[in-house]
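Look for subunit A in each of the two complexes below; its partner is subunit B in the first and subunit C in the second.
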Partner chain A sequence: MDSLAAWFKWLYEATGIKLTIFYDHYDRLRFFEGLGITLELSAVVLVLSLVFGVIVTWLCGSSKMWLRRSMGVYIELFRNTPPLVQIYFFYFAIGPLLPKFEGEPILGSLGWAIVALTLLETAFTAEILRAGVEAVPKATIEAAQALGYSRTQVLLRIIMPLALRVSMPALNNNLVNLVKTTTLGYAIAVPELLHASSQIWSEQVNVPEMMIVLLITYIAIVGLINQVMHWLEKSFELPGYGQ
Partner chain B sequence: MKHIKPSLFKMLGLLGAAALLSINSAWAQVDTLASIKQKGKIVVGVKADYKPFGYLDPSGKIVGFEIDMANEIAKNLGVELEMVPVIGANRMEFVSRGRIDLMVATMAYKPERATVVGIPEPFYYASAVALWGKKDSGLKNWPDLKGKTICGVQGAYYNRRAGDEFGAKLLTFKAAPEALAALEAGNCMGFVFDSTFFAGLAGEPKWEAFAITLPLIDPEPWGMGVRKEDAKFVDYLSATLKEWHKTGFIIGLEKKWGLPATPYLIEQQTKFK
Partner chain C sequence: MSGHSSLPQKRPAAFAVMLPVRLPRSNLYLDRSGGGGLFIWQTGALLLAIFLGSVATAQVQATAAQASVLGVLLKWTPLLAQGFLYNLVISVVAMLLGTLAGVLLGLARVSVRAPVRGSAWLVVQFFRNAPWLVLLFFIMFLMPFEVTIGQHTIPLPAWLKSTIGLSLPVMANIAEIIRGAVRSIPSAQWEAARSLAFNRRQILWQIILPQCVKRMLPAWMNWYAILTMATTLASIVGVSEVITTVGYVMAAEARTDLLIPIYCYVLLWFFLYCYPIARYTRRLEARFAER
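== the complex of A and B ==
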């Protein structure tokens, strides 16, 4: 580790390429904490949005009109407004209105980022799953109903496994989008990767170097996700379904 | 051809004369003090949008800390004061072109700036880094910030010191309004920023319970500006500034305009006593 730090210091002295994240303890701390927060944020929002996405899709298919309508309104609202505006709205407009716990607000920047991004991603995931659900042949569902499955059982045991496999590519796309959207936390002081990097480059005046490091890091994260999803798709393959 | 030739010469002649005249005028203006005494007035460039250094009062008059200084200079010279509003982008050009005789416009001293305009020393003020927080927060020194959450503005050079040296947890936003909103909402217990910014907030009712709670650190001095070739004027202003530091005139102005006590002025006063 020390030799790595020494090499980068030499690089700066020899060529002027400043990569302080490798040899300055404070910059390194901030950068890797930022990376951790980006990954944490992405993972938490992914899991929550999948769970809630399934619930919303189920509600969209319910027989009660008011449920369908209200879910429709929710999805429209979060698809039609810019994510940055949503984040600002939650943190600066709604945050101060909520009651305080021991003098401090209940949700900090990270909390609000999770809330805002989950609501956004749930809306997108619900729409993607709806497409997957509609891809399940009516005949299969009727057969399940004829066999005596209840509505919930049909959803969980018949529809969802098929719908998830069909929407896997679109969900993968959504996940990549999610990782990139976490950079919006920058606006409400979530110490994620972009925020940490921007602080570092303002102090050290090494904008091009940090930009390249950022790009490479995001490409690496997204590349890794793509590989994992590819492996998942392969392992979930069903004969006859989109091979 | 016959019709054009004479007018072409005329044009060249006029251009040549204009060039000679402009060089001549640059030489002629080097003794600003003499020309001020001759005109009977001094033209000073000031800010009109930076409370409390130079801003417009409700009646539309320019008032402020720096205007008081300009008035004092005019009084000492026995001439009238004419003020010209300037902004950061044009203040140095105005003075080097001769549009204004003197510039007192919240200009932080930077070595590159000293190559464009003449900056008399000692400097008349220094902005510093301050923490705006609740009056009853119980903070005495900067190291007390360890582990506490404070708001800041992204890119400020002093954020590192607050985070690394003092161990505070920084919540940085894109601009001061967002950071103030977060402070008001209780997301952090203080806002670290330029001390002069807070002087503008001090009067407002919603900031009643807030004040600059820690001593100011990291001062950045401010200087006046005059034409670079004007050594006589620079010397005159240097002498005036030394006198002001000695008598505590500037410290008096600081109190008058509700600015936090800058350690820089106190040390300048002891230096010139």
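== the complex of A and C ==
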């Protein structure tokens, strides 16, 4: 580690390429904390949006017309308005309305980023799962109903296992989009990767170097996700289904 | 006896077929006609209701001395519209640039030369997987504010730079769409054209690409809607589009009760612009899928 730091220090002195995150302790800490928050934000929103996505999909199959309609309205609303404006709306417009706890707002910028991104991603996940559900043959659902499965049983035991497999590539895409969307946290000062990097480059005046590091980092994260999802897709594959 | 009591209380329905028929209460996921394109009026109405509700709430909170919330919004509407126009200009120009570059990149993706194909793949992967905002920062900070070609100095204003930044991810995605569309044309078409002595360029431009246009249209429109929503990112890098304008209005009015109405107002505009595009896209997709 020390030799790496020494090498990057030498690189700066020799060529002027200033990668402070490798030898300056404070910058390194900031950068990796930012990376951690980006990953944490992505993971939390991923889990929440999957859970809520399944719930919304379940409600979309409800027998009550108004429930189906309102879920449809929710999905369309969040899919067709700018994510940045949604985040601003929650943070600046809804945020101040919440009561404060010991002088501090209940939800900080990270909290609001989680709320806004979860609502956005749930809409996307539900839409993807709905398409997956539509790919399940009607006869399969009817057969399950004829065997006396209840509505919830049909959804959880027959439809979802098949729909999830069909939706896997789209969900992977969605996850990649989610990681990319976490950069919007920058706008409300969530100390995620982009925000941390912007602080580093405004203090150290090393914009080109940090930009390249930033791009490489995001592309590495996305590449890793693609690999893992590809492996997951392979291991969940059903012979003769969803190819 | 102990054997009996250890039996599970609730046995799995081994002969579920023998159970009395229980008709499903509804068409559980069986009604697929709705699709999701039914909701235009409801969604618009809901957004309008939220907007008017927030206006009313803000109105109740406002003191008598203050101007009415609706009046304030109407007063600023021309300025906001100007900002929104900025968004639309950015989206159209970025879409044009992205499409032009994307077509070329997409053709490079299906090139017969492996190095061309490989480097095009790399470019596509890079610009598809990098976050939009980071690409925007990249262009904003690393592109000069003017370029000098010979005698002429061409200024590059912020809006133009942000347009270029936004067109990069569009380019990469259009390239993927082009590739998918070219791949979806049956290879018999290539063979037939070749047997009629067309060369590769002629086959691509005269036979394959014209057929791709129709196949690409829904995806292309979808990307236009995504791009239009992404133009708000330009506010972060200091272009005076609609969200920046909202900031100006809030600074001028200095009234926190305006926050919810004004954001709802802007969300409504975007929705009214993007939703019809999304809806039309879906209808086109459904129509093309039937054939």
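Everything that follows uses one rule, which is that the second predicted complex is superposed on the first by the 241 of 243 C-alpha atoms of A that agree within 3 Å, B and C clash if a C-alpha of one lies under 4 Å from a C-alpha of the other, contacts with A are read in each partner's own complex, and residues count from 1 in each chain.
Note that in this section contacts are C-beta pairs under 8 Å (C-beta built on N, C-alpha and C of every residue); 3 or more make two chains touch, one makes a residue touch a chain.
All figures in this text were calculated on a predicted structure; none of them were measured in a lab.
**Q** Is A:W10 contacted by the first partner subunit B, the second partner subunit C, both or neither?
**A** Once the two structures are laid over each other on A, A:W10 reaches no partner at all.
**Q** So in the superposed three-chain picture, is A:F89 touching just subunit B, just subunit C, both, or none of them (first/second/both/neither)?
**A** second
**Q** Just checking: does A:Q199 make contact with subunit B only, subunit C only, both, or neither of them? Give me first, second, both or neither.
**A** Only subunit B; A:Q199 stays clear of subunit C.
**Q** Which of the two partners, first being subunit B and second being subunit C, lies in contact with A:F32: first, second, both, or neither?
**A** A:F32: touches no partner chain.
**Q** Now for A:A189: first (subunit B), second (subunit C), both, or neither, which partner does it touch?
**A** After superposition on chain A, A:A189 lies in contact with subunit B alone.
**Q** Hey, is it subunit B or subunit C that touches more of subunit A?
**A** With both complexes superposed on chain A, more residues of subunit A are touched by C.
**Q** Applying the document's definition of touch, where does A:E76 land relative to subunit B and subunit C: first, second, both, or neither?
**A** In the superposition, A:E76 touches subunit C alone.
**Q** Once the structures are superposed on A, label A:F236 by its partner contacts, choosing first (subunit B), second (subunit C), both or neither.
**A** Neither partner.
**Q** When the two structures are overlaid on chain A, which partner does A:P105 contact: first (subunit B), second (subunit C), both, or neither?
**A** The answer is first: A:P105 touches subunit B but not subunit C.
**Q** So subunit A touches subunit B in one structure and subunit C in the other; where do those two contact lists coincide?
**A** 92, 96, 187, 198
**Q** Please name which positions on subunit B make contact with subunit A in the complex.
**A** 151, 154-157, 159-160, 163-164, 171-174, 178, 181-182, 184-187
**Q** Quick one: which bits of subunit A touch subunit C in the complex? Just the residue numbers, please.
**A** 60-63, 68-69, 72-73, 75-77, 79-86, 88-89, 92-94, 96, 127, 130, 133-134, 136, 138, 141-142, 145-149, 151, 154-155, 159, 176, 179-184, 186-187, 194, 198, 207-208, 211, 214-215, 218-219, 222-223
**Q** Which residues of subunit A touch subunit B once you look at their complex with the stated criterion?
**A** 26, 92, 95-96, 100, 103-105, 108-109, 187-189, 195, 198-199, 202-203
**Q** Using the touch definition from the top, list the residues of subunit C that touch subunit A in their complex.
**A** Against subunit A, subunit C makes touches at 13, 16-17, 19, 22, 24-26, 28-30, 32, 34, 36, 38-40, 42-43, 46-47, 125-126, 129-135, 137-138, 141-142, 225, 229-233, 235-236, 243, 256, 259-260, 263-264, 266-267, 270-271, 274-275, 278.
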